[in-house]
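Below: a set of structures, written as structure tokens.
Both complexes below contain chain A, partnered by chain B and then by chain C.
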Partner chain A sequence: MRARRHPVLARSGLLDSSLAPAGVLLLRALGTTLVVYSLLGLWLAEHAEPLWLVDTAREWLNRALGIGEDFGGFGLCLLLLTHGWDEAAAHARGECAKDRIRRLLGHWLPVVVATVVAIGALSFGADVLTRPDTVPQPDLLHALGAVTLADQVLPQAAPLLPLAWLVLVQIAGSLLASASRRTGRVVWLAPAAQLVAVSTVGVLGVSPGPTHRVAEIVAFLPLVVIGQVAYQVWAREISSYLGTSLGLLAWVVSAAISNTHATLRHWWYPVTFLFAVLLFLVTVRTSGRTADRVARNSVVRWIADRAQWLVLLPGVVCYPVLDALHTRLPMALTAVTAASAVAIATEAGDFVTRSALRPRGSR
Partner chain B sequence: MSVRDQLRRVVAATTTLVLLGGLGLLAWVGWGGGTDPSARAMAELRPVLGSPDPRQPGPPPRGKPLVMPPGPLVLAVNGRLSAPANSQVVAPVEKELLDRHKVDHVEAWATRDERITRGTYLFLTDDHESAQRLLNDLDGLFDRVGFTLRKDAPKGVRVRQQPLPQGKRGPISYRAFYVAGAAVIAVEGYGPVANDVTPAFNALLEQQVRNLPVAT
Partner chain C sequence: MTGAPSSTRKGNRYLHGLDLLRVLAAFCVLYIHLTGWLLHAHHPWPVGDAVNALVVRPLRLEPDLANLGITTFLIVSGIVTTHVALRERPLQFLGRRAARLVPALAVTVLAAWPLATAGLLMTSEDYDLADVVANMFLVNYFLPDTPVVLDVTWSLTVQFSFYFFVAATIPLLRRWPWLPPAIGATTVSVLLSLINTQDTPAEHQLRVIITFLPVMFLGQLVSLVRSGQLAPAAGIGLGAVHFLLFVRATLTNETIPGGSANPRIVALVMLVVLLVGPSRGRIVTRPWVRTLSSRTYSVYLAHKVAAYPLLALLSPSIGWVAALLVALVGVGVATELLYRCVEMPINKWYRKWLEPRTNPRRRRPGENQGRARATEAVPRSR
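So, the complex of A and B:
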């Protein structure tokens, strides 16, 4: 079997989108855009504000397809799939440990910045997206919980950044992938071992207890595995039959976990997973000249490169802006203003942390 | 490919699209868009039922307006009053009244055991004002046949009772009506021994009003 060329190792930063094939980059940009859109939808739903675009999309697309949360969950699924792909691609090109740490640091640093912004905004009395809606005046413990992501899994904790579980799944997925590669030269054993680990947590988390909440988050981990398997099939490391079997198994694992959790069940996540995986596979398979051309667009690249920021910052930047302006401006204009505020905050956050992530010796 | 071939392809594709679209359009003209006629009135009831999260997938879940009484089920209806299967839901005299008010959507639960027969009903009208008028007429119907108004009813609910001569050991019949959004809710309870019926009816009415509060 002819081995396909691996994506070129980027010269500069690890968040550089030139690492990924065009289709994967497009999906990361799409997933990010959908998450931002869904956060706007969540705000509208919480404030019972109508907006024609969102209401129509709900009626004609979301309910018809069975994809809830204004495509937010779908967008996160796409981000996890592309993360799995990147993980496998990085391994295939022999990424060293230092680079891997730097890559994961790039995923985590936005959490730190978003935590600082969230605490700042909350102390000024601004409305920030938190779960549950009313978080007491945050203290050092809150900050510590958010920065270490512990507040996502501790049973009694209220997450300061409700979407930071994405980062937890990404980091857990990467660590699990690294650990599972110790299974040796049989390539398919690595994803299989990861699925076994995920299933174990899933089974332990069925009954209410400390692992219940962990299992809720782990339900999304199979998507990282599917991303890896997709890369392995694409790179001809494993056959497509084996890849399909592993992919189906991964879907079954995540569907089974989400069906055993009352908080997940009514969102129909297995349907969302299926749509996300199908879109991912079709895009990777058909990614060609058109995808290349779109991926070269600077806006698309900008969004894809700053995915983490754009997922974490809207809750802490958009929400206060929306709150302050929606009584004074038309809703559509308010939404655009809030989106611009997020863009500026993203660029600022990226600028601040970029130097920390730049490999030594490069500009 | 020659220009002629290309043109032929374009024409073929366009014809297919027009035919497919035309079929859909014809079906729409012929049979309508499939909208539920009671949807508008139901939408008016929905704020009362508590609106579900609009971000949920699938069709918007409808709240359950009626409480199902305990006991063996003898009637379960959710649909058109005009459907033949639903003819037994109400008595002919009530049916006549509902027809006059153009009520077609009806929901009902009824259970029966040897002690008591209990039922909860929902009659959907066009709007809140129509529901008020229907309430007055339904209530008047029972007033005329000798049901007396109970003073200790929950606020906004008209409860009527028909005590029979034997007192607390004899049969009794209760009817309660109230308005919620565009709907009239009826709760009934009757049985051979007043002592058995009264607490059971009161409990059902209280539960029903808690489930779907009065909105006058």
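So, the complex of A and C:
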């Protein structure tokens, strides 16, 4: 294996991918930024507030490229791809069970914090991003469902944190990757086994029933697999042709599931998946001095390292601020204020969880 | 994909991946025109149904992979011609392109004339000699009441326009590499504002040219960034401008390029070119890939002329499946004849005889060898 340790990425904390080229960090930052941007776009759409940037981007980029949801789905796809890469990189560097648990806790703890903030905001009557739009006054059962992520898959549950399915896919992807490594020394068997598992769930969830909602979420799991395969090709564990075949198979599985589920069909996810995968591969492949320079930027690193927080907190911090201020301040100023509130909440949450998860004896 | 980043000499490495992409593009063009004929003749075409169900609909592309092949050709052509332009003088550049492209075009149009007159090319026009001569030099697209003999030649008007622009800006390209694509963007932007009517053939064709020119500029930017002439950030910025110009052209005209999926196609092809272009794997370096790649221009010109008459004449007697197989063989034979008897001999003759006369300095022994090797860093240009 010819993978090298990257000086910038090695310093970048819980979500670091120290065996990755700078491009992976850039994509994580880009994916996160796009998710935040899309949440802003969603709020604007729901409140019929025009914003030149969002409207122009919709007409010139979203419609032209066929990537919907103001690039939100695209951003989440990039985060899943980078998660798959991190998973494979962690395995390659011999990550121990303790570190793996700590890494997964780092993904999950923002869900707990965001749930607490959401319940607090809702109890004060604030506007929080929920699906469906109106959630009754949350009780302990709601909180439990959100924290355990069960509300993402239970048929009748209303998710308190609509984007927490990302964490579910990340954790499921990591667990599936760990389990599939028991297939033995043949490296490509692990991603192939994961795809078989994903396809099985996808087929089981075609008809309405308890597995239907699981299958909708599972449609995104192949992206985690593609991220792993990309790493394996990059690290020369498998050939590029085998990697390409597995990647195509993963895209087919993902496209087939999204095509057979009525709720996913009209979102054009196969297009979004393909753009995300191609951008991911091109960035990893061409990552060079320019990518290194950008990755050294502290803002980029900050965003990339706090991706989980920045995906989950806007719905529960940004939305109440936007709701409270948009009638009093100009829209652009309101957006900046809301973004600042998210940044402060993110930094606070990240500081607390990093302190909690830091191994004993380390600074 | 390889783990090791490419070396500092990457600018001199042959882009094998472009060969493969050109072959795939030629297959796409062949596929859509054969599909077009079969659908026009009301034959069942299960391959077309499968491609539309498995690829076109999930990716929301144009039906029957329309414009996928031509977009790939334009981007690859932009890469290749910019690469050679950095090593040639303006007249030399134009002469070489003309020697490679024009004779094969003229011969194909001449061959297509009787077939088109007989209605075997899915056209129903009367052509006189003046029409044919105009078609041989693409002038037909700019003259009123001049029918098209071979419709695939429309894309050559885009390519020739790009070649003239590149030739005119070679000195700028060497000194300020960012300037020609920037001038190109400005010019296209102004022309998109001015030309949006299709009252005359000339206006229609100019609109076609300015719509697709940004696609070729995307290829030019790839070449400039890859060769180290342009910083990646500048390349990405200028590339975004050219892509948005293409989107603008799509948004402001209903029939050119025709179909809302075209910006998506350009973006996807661009990413695929960036990914596959530098590949050096087992498949892309196979000799047959390079052999097929060198014949893609001949395939592009000859496939309709060879396939349509065979399909029309044979399908009533031997059935469309057998006729299709014969047509494919016919395309292969016509391509090889055009390549071996017209395209390459004239190109070689031009390079051997005409160039030393116009440029005596290059007669000195050994002087050409370094440049010849350098131009091989990317696939041969047309």
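We take it that the second predicted complex is superposed on the first by the 345 of 363 C-alpha atoms of A that agree within 3 Å, B and C clash if a C-alpha of one lies under 4 Å from a C-alpha of the other, contacts with A are read in each partner's own complex, and residues count from 1 in each chain.
The rule we apply is simple: a contact is a pair of C-beta atoms (placed from the backbone, for glycine too) under 8 Å apart; a residue touches a chain by one contact, two chains touch by 3 or more.
All of these numbers come straight from a predicted model, not from anything done at the bench.
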| item | value |
| --- | --- |
| Superposition on chain A - do chain B and chain C clash or fit | clash |
| Residue contacts on chain A - larger count, chain B or chain C | C |
| Touching partner for A:Val116 - first (chain B), second (chain C), both, neither | neither |
| Contacts of A:Val233 with chain B and chain C, given as first, second, both or neither | second |
| First (chain B), second (chain C), both or neither touched by A:Gly66 | both |
| Partner chain in contact with A:Arg58 - chain B first, chain C second, else both or neither | first |
| Which superposed partner A:Val271 touches (first chain B, second chain C, both, neither) | both |
| Which superposed partner A:Gly41 touches (first chain B, second chain C, both, neither) | first |
| Among 132-140, 168-176 or 330-338 on chain C, the segment whose C-alpha atoms clash with chain B after superposition | 168-176 |
| Overlap of chain C and chain B interfaces on chain A (superposed complexes) | 63, 65-66, 268, 271 |
| Touch list for chain B against partner chain A, complex | 53-60 |
| Complex contacts: residues of chain C adjacent to chain A | 1-5, 58-60, 231-233, 244, 247-248, 250-251, 260-261, 263-264, 267-268, 271-272, 274-275, 278-279, 281-283 |
| Residue numbers on chain A that touch chain C, as the complex places them | 1-3, 21, 59-61, 63-66, 230, 233-236, 239-241, 243, 255, 259, 268, 270-271, 274-275, 278-279, 281-282, 284-288, 290 |
| Residues of chain A that touch chain B when the two form their complex | 38, 41-42, 45, 55, 58, 62-63, 65-70, 266-268, 271-272 |
